[in-house]
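What follows is a set of structures to go through.
After this come two complexes, each holding subunit A, first together with subunit B and then together with subunit C.
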Partner chain A sequence: MKIDCTIDGKTLTLSLNSNKPLSLILRENIGIDNINHCTGKMCGLCTVLLDGKAVLSCLVPAFELNGKEVITFDSFQRTRAMKDIEKAYEMVGAFPCTDCYSSRTMIFESLVNEGITDKAEILKQLSLVRCHCMVPDDEVEIVHKAIDLRRKRNVRRSQFS
Partner chain B sequence: MADRKNFSRYNMRCGVLLHAKEGGVKITNIDAPELDPRFMLLTGSDMPGDNTLTLFSNTRPIITDSIISYPRQAVAALFAPDYESALLMADEIKIETEPLEEEPQQSLPYPLEYMWGDFNPEEDEEAGKYRKVETEFTLGHKAQPERRLYTVTAWIDGASLHIEAPTEWIELVRSTVQKVTGYPKRNIIIHTIPYISKNGEFLIDPAALAAIAATSALRTGLPSEIREETMNAHPGIVVKRETWIDEEGKPVSEKATMTVNQGAFLVIPEEYQRQAMAGLIPPYSLKSFHGSVAIETSNEYPAAFTTSFGFSEALAATEYHISRLAEKTELTPYLFRDSIEKDKRKFTDYLPSFDLADQKRTAEAVAIKSSYNRKWVANTFQHKSFGFLGYIKGIGFASGTGIAGFSTTFSKSSGFAGAITYTQKHSVVVSTSADNHPGTMKRWKKNISDRLAPGNPDKVTFTPIFNNETIDTGPDVLSRIVASFSSQLENASKKLAVLKDEEQLPVSIRFDAENTSFPCEFESSGCGAVALEVMIRQCDMKPVVTAIWASFSFPAILDETSLKNSLKRTLMTTVHEFGGVIEDDFSLYLEISASGSGTLSSPQELARGLAIGALADALMQAGGKTAASMPVSSTKIEEIFHE
Partner chain C sequence: MFAALSSPNIHTPRNMQEYSSIILHYPSSSFWAGGTYIMSRPDAYPSNSLNQEIIYLGGIEELHRFQRNDRFAEFGSMVTLDEIISTGKTVLPKVLIDNIENIGSRLITRRATIGGALASKDVITSFPGTLIVLDANVEVKFIKKKRLHSKWMQLTRLLDRNGHLVLPAQGMISRVRIAFTDKNYQNFSSVGSFMTKGDDAVAVAFATTLNQDLLLNPTIAFTYPKLGILYSRDVDNVLSSLRFPLDDKEYKSLEMILFTFIDSTFQNISELQRARTKGILRNIIDDLNEKALTVPQSEGS
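== the complex of A and B ==
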């Protein structure tokens, strides 16, 4: 089937099997190698933003992509929004491991976008990543700091405009 | 080095491996449907050259052609125009096997033995004065896919064979491809792609995949890519210890036997024995000690590096045993350690003598922060109230000294060398095979430029040399070479700073591991202590780790934030690996300090050993015999409570 979607800012029309998972589309059709594909075993290392919300790309079939916007870590890491998350990592002094860095960062971004500050909700969403490399309290603090930073940046921007 | 060729995926062959379902069988037939020319099936007998991967003196087949030694062994590789076709066709291929009549024998290294003293309390006239304490510490062999895919690509461009792979051991890839394909080594170009290797997954397997992809590229003339899932395997370990303690509970003589099941193929077993022996030697003084490390094989997945190469597991067994000795004296394990450890550690062939003040300080810090003694006593009393409270708690303790990566014997045999040159353009070139972490390289550059080109670190360049059979990179944990390399670079820079003004340029100084004399197999590389609290819930029998307290002291700290993160990660992933459940209310307290000059090396190995030891100890207090076999699970805990 033909699918129209936007991946990393590029509007594409892809001819695909309707049930091909997004992780494999990104690996094989788009050529993004650092997305993992665990065939739905919930490793959490294939997280992308689908219309701004963090999802496991191995669980998103191709037909669900029609008209949607996908942002992978490849393009996200070059944005201003990434700087807020990076700064929050530095302020808390805790970083995700190299293994889950991209996935966890995408989830943090999703949480910051939605402005979620509730500890239980933050940890629930972060449990998409199975890697045990961060202390839960640090994760919550990172989200709070990143939300603060984002808010300050938005205020500055609105003052100048 | 040439850039990756930008070829279209439509002209590429995509390969998958066909794995064996069980080990200890023989292939009788591979039943494949008729394949059209777009497909290609590669079996062991199709490999053009030597179908083996050699790791120092041990070899294993790349694709087995007769005997299947372990489950998930590669039996064939199938290449197709795309992965979907390859996977669909792979399902059609049937591999018929029959049980082996006779198990093939591998040559095993002799057990490594180390001993001192001839005091034998069993034969002694005063034998009645001593009590024997026996323990058994078991870590089961574990092999599981890590659910991460990686690809290795091979293509031909003119006279060159290009390989693109995530590899930690470039030289191993090059030599394996050369052996299998017969392609001249100088024409094999390796492009490394960034990888994430927690447990050395990219040390050995990419070399085998590269050889298969290269064979396909040579046979089809098309770029060939092969995709595989990473595997994490750690060896099975059994440590049996007998310690004779006197009337006051002080150990006088000890016998420790460690048996290691490395799976179907051995991975540098002699080095494994040396590292394990360093962890097996206890920190307290004894009249006599006898330690032995034996390696054996089985029909299981070959175990490689898992943050450690034997030391962590042996250290964990030693720490677990010390806590069991403490039980006989009715002291808490922390107080018992404090009472039997002297101010200095005994000099042995494996670790030099050094002051234990730092180790005692870290242990005290952890004991105070975690209220260890109080909790230990409370948990001991509480043990009988399981049904009433709905949970049971245990607190574990471990403290010890780390080692720096590879042994001296191994460093010398690996042929590592380096040279530092001050050129006519007043720049510095360091030629080395010790390619390392970018952070370390930056630090080295700064140190050299401070002496030879002040304020200008850009004038220092590192040139890799790949012409000798060295450990090019290897896992971070095995950084003994790097540990000594830093000091060698420092000394060479000092000498060069004088020579550059006296001699005609360029001036060069060469150094290698032979030039340095280490009295022991290992250097000490920091010390630390870990306390860990476990709660077993009655509703699901899960061992929930509620808190970890850790304190470490290292010779030097380059980047405190990175080091803290790395240690936290090691502690948490180790606990999880051995069955501990980490929940949202988990807390971790960590403090690190620098004790003076020296080089930081293998801190994760120490943290891993202490985490396993503390977890085993905590589970022992909470569940009785639970710690006898790890990793733990709710089923295992339930069985113990029903005994």
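== the complex of A and C ==
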């Protein structure tokens, strides 16, 4: 099956098995190693952004990718949006461990994008990552700080333009 | 790695007419809704067992619709659990909202659909049990004499003796109708993870009207992942015959009766599931006892 999609900003036409999970596509066809493939055990370590929203890539089949945009941590870490989240980590003084850094960061980005500030909602979204390297209160604070930083940056950008 | 495997054909109908012509041409196709169940199976990919013809229902606009009036809310089967929460949090029954919020992160509820939760072969969520308690109706579309027919039926009518929801051959749930209930006591409790540790998890959905010391129209459903759903009118009748508050002796006898029903339906529930069911039941009864003993504010003041 031929699939047209955009992965990390590159428009690609891939010839794939129609039910191949996105996590395996990223690992085998694109060569991104830091994505975990847990065969749908919902470990939360394969999170990517699909059209701007965080999804578990092991649950997304190839045929659903047609015309969609996928952003993995590999390209996201080079963006300005990542700087907001990194700065929020520094301000709170809490960092995810190396195992869950990419997934947790992608979920933070999704929360910041959607502007979710409700504590319960934030914790519920992050509950999927079963790594216990972060304190829940820190996670909430990181989201709040990152939203503030993003808002300030957007205001500055609109003033200059 | 598995490039030699043949790739299933994906049919993406845009409307019900296209769907009916595809299902007539490929009567043994599998349906694909959100994919959370299919993709989380250990043999999802590479799979020799997966059907070579898949009908992806996500393209049918009719199945994404949501409408409501004063009496009920109606969801297309491809409405996701997240959309249910965001569209009807204030009007839908508490037991349903509690259930969806309990299922897990939005990363999952954003993909899981109401139709998929009902039509999966195995019991993978507590959702069907809650819909049974709410006396939900479903519209089933099926092929008969080479034509697509549809029929509204109560969800309880789809429940077989083993506690599984069984659809007619090549039947598809297209809409789910949930009536707004005025029951003043609704409880959803779940212990253990349905997704990761299904052998030990249990969920109980319960709704009733507590009128002084009596339960009016109580409905209760026990869900054991991998085993099935226990819902019985006899259990409801037992509950409606109780007068609250219950003392310890009455509670023990109720527990014994309920476990007779549970054991007759599911022979192999684990000890942990049994203990967890007892715990949930105890909580519900304690809660009802407390409510029955509390003087309503208008009478007390």
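In this section, the second predicted complex is superposed on the first by the 161 of 161 C-alpha atoms of A that agree within 3 Å, B and C clash if a C-alpha of one lies under 4 Å from a C-alpha of the other, contacts with A are read in each partner's own complex, and residues count from 1 in each chain.
We take it that contacts are C-beta pairs under 8 Å (C-beta built on N, C-alpha and C of every residue); 3 or more make two chains touch, one makes a residue touch a chain.
Everything numeric in this text was worked out from a predicted model, so none of it was measured.
Q: What is the contact status of A:82 with respect to subunit B (first) and subunit C (second): first, second, both, or neither?
A: The answer is neither, since A:82 touches no partner chain.
Q: Have a look at where A:41 lands relative to subunit B and subunit C in the superposition and call it first, second, both or neither.
A: In the superposition, A:41 contacts both subunit B and subunit C.
Q: Could you tell me if A:12 is touching subunit B, subunit C, both of them or neither one (first, second, both, neither)?
A: Touch partners of A:12: none, neither subunit B nor subunit C.
Q: In the superposed arrangement, does A:91 touch subunit B (first), subunit C (second), both or neither?
A: In the superposition, A:91 contacts neither subunit B nor subunit C.
Q: Is A:135 touching the first partner subunit B, the second partner subunit C, both, or neither of them?
A: Only subunit B is touched by A:135; subunit C is not.
Q: After superposition on the shared chain, which partner residues are touched by A:64: those of subunit B (first), subunit C (second), both, or neither?
A: A:64 contacts subunit C only, not subunit B.
Q: On the A-aligned overlay, A:99 touches which partner chain: subunit B = first, subunit C = second, or both, or neither?
A: The first partner, subunit B, only.
Q: When the two structures are overlaid on chain A, which partner does A:28 contact: first (subunit B), second (subunit C), both, or neither?
A: Touch status of A:28: both partners.
Q: On subunit A, what residues does subunit B touch that subunit C touches as well?
A: Residues common to the subunit A contacts of subunit C and of subunit B are 17, 24, 28, 41, listed in rising order.
Q: Could you pull out which subunit A residues touch subunit B in their complex?
A: 17, 24, 27-28, 31, 33-34, 36-38, 41, 43, 45, 90, 93-95, 97-99, 119-120, 123, 131-137
Q: Which of the residues in subunit C end up touching subunit A in this complex?
A: 1-3, 5, 7-10, 12, 32, 35-36, 39-42, 44-47, 50, 54, 56, 58, 101, 104-108, 110-111, 195-196
Q: Name, in rising order, each residue of subunit B that touches subunit A in their complex.
A: For subunit B paired with subunit A, touching residues are 9, 82-84, 146-149, 151, 193-194, 196, 198, 561-562, 564-565, 568-569, 572-573, 575-576, 582, 584-588.
Q: If you look only at subunit A, which of its residues touch subunit C in the complex?
A: Counting only subunit A, the residues touching subunit C are 1, 16-21, 24, 28, 39-42, 44, 47, 53-56, 58-61, 63-64, 107, 121, 124-128.
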